[in-house]
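In the two complexes below, chain A is the common chain; its partner is chain B in one and chain C in the other.
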Partner chain A sequence: DSHIQYERVGADVTMKCGSMDWDAAVTWTANGTDIDESHLNGSYLILKNVDLSQSGQYSCYEGSSWHLKYQTYLRVGTPPKEPVLMCRSNNYPKGFYCSWHLPTPTYIPNSFNISVIHGTKDMVCEKDAVPKNRCHIRLLQLFSTVKYKVTLTVTNALGKNFTTLTFDEFAIVKPDPPESVVAKPVPNNPRRLEVSWQNPSSWPDPESFPLKFFLRYRPLILDQWQHVELSDGTSHTITDAYAGKEYIIQVAAKDTDIGTWSDWSVAVHATPWTEEPKHLTTEAQITETTSASTSSFMAPPTTKICDKGAVVGS
Partner chain B sequence: LGAGQSIQQTYDLTRYLEHQLRTLAGTYLNYLGPPFNEPDFNPPRLARAERVPSATVDLDLWRGLTDNARLAANYRAYSRLLCYLRVLDGQVGTAELRHRLAHFCASLQGLVLSIGGVMSSLGYPLPAGPAGPPAPPGAPAAPNDFLKKMDDFWLLKELQIWLWRSAKDFNRLKKKVPPAVVTLRLEARGF
Partner chain C sequence: MAAADSPSAALRRRDLCSRGIRLAGKMRADVVDLLDAYVEQQGLDASASVAAVEGVPLAAVERWDEQTGTQRLLENLAAYRAFRALLAQMLEEQREQLGEADAGLGRALAAVLLQVSAFTYHLEELLRLESRGIPGEEEDGPPAPPRLSLFEQKLRGLGVLRELAQWAVRSVRDLRQLAKPSPAPGAAPGLAESP
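Then we have the complex of A and B:
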């Protein structure tokens, strides 16, 4: 009979050759390769302190007739550790999802079972086809003071483990980052940048559940971000940009009342408008342009780069 | 005040109260002491705590509420919550906390009146019942101090969530009844 045999890493494994007697003459193979007699005790195969590399197909043949008497597939692995579980609502108030993973691999198949209880009610967690380690719960009630209790149990042939999360509905609300972030210079305004974005498409009802936003921006030449919080609307004009410097800009979102901030959006870059250099025909114009261009490298009067009137780019 | 301004004002007051309650509740739960001030504290909700009006509502039902029903639900809830909060206010041992609770009760009373103002400006009758918040129901006090604290815990939690719900309620109303456009009467002279 052929079947799968699971054993823990480090275990000592003994395999009998089916119904053959202890003193019968037999041959054992591992993945088709004969196993040295030193591993045999009579007709029994003895594997000491097995490791992952010893997983494979083990077969036992009767000595003279080479008749296959026993075959097994040995899977060496570990029992599951406590799984890591995370629940989050990025589409409030539609529902929330839970996703999980194992902190370390087990090298053998695991099965996961998740239970979601709200007060006394059992809720269905609809599993995603892909990714497999994720499922969704639909919120039927809103504004509940009763916590949700999610228990994830992982089982494999070598053991079982579980983890439990208990949380309030509003504590796990975390939108996805804003989308379609665009930053543009404002013609004739050397210190302005116009930034616009959209609500994350996963946020189902911004009318009833408005988002507020956090914008951060900085010139590439500096590390210090500047921040501005915006309670509504999906655009903002930066008015204190350094002339001619390339900026990096990101936006985050949060429900106006509950939950936590989203991750930062994808970063966008933009450089404020700068005056086109005039076409030079006479020497005077050349001189005029040279002095003009030097001054443009002078840091704007309201610079915050350093206090001692440093000159940018000098 | 037009209905729109009245709703905006009520919305702003709700946000203010929500913010106030966050710190007040933290202080009060610390006053109650462990386990009430532990983040994972998740006690069962006993019968007495069930009397506090619950903000929990079916999602589709909440969406489909008429403006009148939405406002009335808020009016009734805060009227009763205010009454419970006043009972709480009278029993607190520290003067500073008593003062902050009293201030919060006054603001909450302002919210009840503000909601009433919105209803009147929209032509809706105020929900039946005494003008002020109804007297606390006659149920017996909590049999021991721990259960009394449990009641307080649930009252504060329910109040917090009502304020979140109300912020969403008034935000919806705000969008349906925008503040009237302020018309500047320009005395045009010589144009």
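Then we have the complex of A and C:
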């Protein structure tokens, strides 16, 4: 009989040759290769302190007739550790999703079971086809003070573990980053950059559930970001840019009333408008051009005071 | 059906809604601060689960997006009238128990009560604008609560403030729905479409 045998890393494994007696003459193979007699105790195969590399197909043949008497597929692995579970609503108020992963691999198949309870009500967590370890829950009730309790249980042949999350509806609201961020120079304005973006497409009803935004920008040559919080609208004009310096710009979003900030958007780069150099021919003009460029680096503007405690998703 | 929206009524409604949104937003911020102070000073556990307290209007609602504008206003009005009475009672209990020791908490409670009263009046204004009859007060006043122990009073207070914080967010959302221009036929009803 052929079947799968699961064993923990480090375990000592003994395999009998099916119904053969202890003292019967047999041959053992691992993935088709004969196993040295030193691993045998009579007709039993003894594997000490197994490791992952010893996973494979083990077969036992009767000594003279070479009849296959026993075959098993050995899977060496570990019991699951406590899974890491995260729940979030990036499409509030439609619903929220929960996703999970194991902190370390088990090397053998695991099965996950998730239960979502709101007060006394069991809620269905519909598994997403992709990504695998994720499911989503429709919010049937809004503005509830009753907490949600999500329990994830992971089981494999070597053990079982679980984790539980308890949270309020509002606490898990975190939009996706803004999309289509564009930054452009403003003609004839050497210190301005026009930035525009769009609400994340996953946010279903920005009119009833408006987002506010956080813009950060800095010249590539400096490390210090400048921030500005915008309570509405999806564009902003930076008016204190260093003339002629390339800028990196990102935007984050948050529901106006609840939840936490999104991660930063994809970074965009832009350089403020600069005057076209005049077409000069004489030596003087070249000198004049050189001296003009060293004076364009002006004193840094005051940093705008961010909103107290506004911490954007990392 | 409410009278078709005249431009001035629509403008007036939008103005009332946007002021109401700001008022509810401020109220929520103050209630959240008050909640933190209340939990701390009453020696409660912030994560404690508080069963639904009788007489406290629950903000939780199903199919919220399908509500008509009038439903939103009437449910808000009933809730804030109830909160007005509940907060007044909490204030009274506060003064009986603690005297000067927690004057700060009392003042914060009184300030929130003032905002709840103002918001209640605001809702009545909106209903008047819709030439809707304003339900009488006695229909909404919460039943006199049974005599509670000190700890039960504290837990009830926690429940009241938690629900009020949720209601404030719900009200902001409701008013945003009301502020939307009258939807095309067949879409989710706004105020003008109320039955």
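The rule is short, and it goes like this: the second predicted complex is superposed on the first by the 280 of 314 C-alpha atoms of A that agree within 3 Å, B and C clash if a C-alpha of one lies under 4 Å from a C-alpha of the other, contacts with A are read in each partner's own complex, and residues count from 1 in each chain.
Assume a residue touches a chain if its C-beta (ideal position, glycine included) is under 8 Å from a C-beta of that chain, and two chains touch if they have at least 3 such contacts.
Note that the structure is a prediction, hence the values are computed from the model and not measured.
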| item | value |
| --- | --- |
| Fit or clash between chain C and chain B when superposed on chain A | clash |
| Chain B versus chain C as contact partner of A:12, first or second or both or neither | neither |
| Chain B versus chain C as contact partner of A:258, first or second or both or neither | both |
| Touching partner for A:82 - first (chain B), second (chain C), both, neither | neither |
| Touched partner set for A:147, first chain B, second chain C, both or neither | both |
| Chain B and chain C contact sites that coincide on chain A, given as residue numbers | 93, 140-147, 166, 170, 207-210, 256-258 |
| Sites on chain A touched by chain C in the complex | 93, 140-147, 166, 170, 205, 207-210, 256-258 |
| Of all residues in chain C, those that touch chain A in their complex | 25, 28, 47, 49-50, 58-62, 64-65, 159, 162-163, 166-167, 169-170, 172-173, 176-177, 180 |
| Chain B-touching residues of chain A, taken from the complex the two chains share | 93, 139-147, 166, 170, 207-210, 256-258 |
| Contact set on chain B toward chain A in their complex | 15, 18, 40, 42, 45, 54-59, 62-63, 154, 157-158, 161-162, 164-165, 167-168, 171-172, 175 |
